[in-house]
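All remarks here apply to the structure that follows.
Naming follows writing order (A, B and C), and every chain is counted from residue 1.
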Amino acid sequence: MIDYLINIILLAFLAITAIAILRIRSLLAVIMLFGIFSLLSAGLFVVLDAADVAFTEAAVGAGISTVLMLATLALTRDHEEKPPAHQPWLPLVVVVITGLALVYGTLDIPAFSDPDAPSQLHVAPRYIEHGLEETGVPNLVTAVLASYRGFDTLGEVTVIFTAGIGVLLLLGRTRRRKPKEDEQ
Amino acid sequence: MKHNLILRVVAKLLIPIIVLFALYVQFHGDFGPGGGFQAGVIFSVAFILYALVYGYETAERVMPESVLRVLASLGVLIYAGTGIATLLLGGNFLDYNVLAGTPLAGQHVGILLVELGVGVTVSSVMLLIFFAFVARGNS
Amino acid sequence: MEFVFGHYNYWIVILLMMVGFYTVISRGNLIKKIAGLNMFQTSVFLLYISIGNVKEGTTPIIAEGFKVYSNPLPHVLILTAIVVGVATTALGLALVVRIKEAYGTIEEEEIHEQDKSL
């Protein structure tokens, strides 16, 4: 009962923060609210029994993402968003239609936290029963991440490395050329 | 910046604790929540805090960018190297059972090495990205 | 009523997704678009983790005295997805910085004006 209550309260706060991010025009406030959004969703992950995911979301979303956005804001120095020139009716229609289609899709999903749902039945019981004896690691998420699905994690590390290379290519050191040279 | 005495003192107290916590999360990822990604991000946050309080030039001297580039590649190399080592020892790619005497000990060694590679790469790439943004702002 | 209790989680997450989507397609400022994209991503993660939750279960770390665990597989996938998300956000923000240096503005309308007048 208390779980449901915390769930509802956190989701309500998330919805309010999301609508505030949409409507507020001062970019500094938008970035701060984005940090709050990440932290609230990390809290929601804890309530949903996902400790590793909450840890990563809090560190990465409320930490690194917010810092990088603030750095971009300092570099671009545009602190106010311009009001939209025309009324966005077409995006609103598209969004409402997509939302209704998604809600229609969720009518078939089994109920929230049902232990007999198909998503709990195929591979997950094998990982839960044999994970500790095959890998010797009590944390099942680390066991699956590093041992059972180690190949995917190799791809993930490569993606991070590539992102680092990409940012270095875009924003690398400007060599000691003469200033006021335009990059052609 | 002359008025940030409180910031400097508190940062000096906090940064070693943050680094210690990052190492704790890295090596106890087997027994509690944690692992390479979280530890890498927390480790880079310590250096980002240092750069924010003491300035970019001081942070650049503490952790030069060339070292960060080598470390980023080193992490991916450790990860892929573990895979190649298992190939050379007779198993499949990333099959940790062949890395030590018993399969269970091999799994422990394999997971430890792999998470180490992940932690090193993630922390150095996050720091590289942050330093790239700051250096662009200074030039 | 049972049905609403079993599904309200998904519906509010879909609302968050749509708010993020609307921010991306209707606002012209590039930094706001990237914030909206991140909101969309985070709500998709919430959807996946809700699917993996098990009633009366606990965090999937084997410990004494617990029998029912939540499904660890969505946790692993979302862990990867979060880190890939921050990688793409960093690249997107680097592109925003370069666009500002090249065009002098980060509003989509003005960028289109400058491109059309070339």
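Note that contacts are C-beta pairs under 8 Å (C-beta built on N, C-alpha and C of every residue); 3 or more make two chains touch, one makes a residue touch a chain.
All figures in this text were calculated on a predicted structure; none of them were measured in a lab.
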Give the identifier of the chain nearest to the protein's overall CA centre, each chain being represented by its own CA mean. A
Longest centre-to-centre distance from chain C, chain (CA-based): B
Looking at chain pairs A-C and B-C, which one is connected by more C-beta pairs in contact? A-C
Rounded to the nearest Å, the gap between Cα centres of chain A and chain B is 21
Chain-centre distance (mean CA atoms) for chain A and chain C, in whole Å, is 4
If you average the CA atoms of chain B and of chain C, how many Å lie between those two points? 25
When you check chain C against every other chain, which residues touch at least two of them? 59, 61, 79, 83, 90, 93-94, 97
Could you check chain B for residues that touch two or more other chains and list them? 31-33, 37, 122, 129, 132-133, 136
Chain A: positions in contact with at least two other chains: 51-52, 56, 60, 64, 68, 71-72, 75, 138-139, 141, 143, 145, 153, 160, 163, 167, 170-171
Taking the touch rule as given, give the residues of chain A at its contact with chain C in the complex, in rising order. 4, 7-8, 11, 14-15, 18-19, 21-22, 27, 30-31, 34, 37-38, 41, 44-45, 48-53, 56-57, 60-61, 64-65, 68-69, 71-73, 75-76, 78, 81-82, 84-85, 88, 91-92, 94-96, 98-99, 102-103, 106-107, 109-115, 117, 119-120, 123-124, 127-128, 131-132, 138-141, 143-145, 149, 152-153, 156, 159-160, 162-163, 166-167, 170-171, 183
Would you mind writing out the residues of chain C in touch with chain B in their complex? 59, 61, 79, 83, 90, 93-94, 97
Residue numbers of chain B touching chain A in their complex, please. 25, 29-35, 37-38, 41-42, 44-45, 48, 65, 69, 72-73, 75-76, 79-80, 83, 93-94, 96, 104, 107-108, 110-111, 114-115, 117-118, 121-122, 124-126, 128-130, 132-137, 139
Which residues, counting only chain B, touch chain C once they are in their complex? 31-33, 37, 122, 129, 132-133, 136
If we count contacts the way the header does, which residues on chain A are in touch with chain B in the complex? 51-52, 54-56, 59-60, 63-64, 67-68, 71-72, 74-75, 134-139, 141-143, 145-147, 150-151, 153-154, 157-158, 160-161, 163-164, 167-168, 170-174
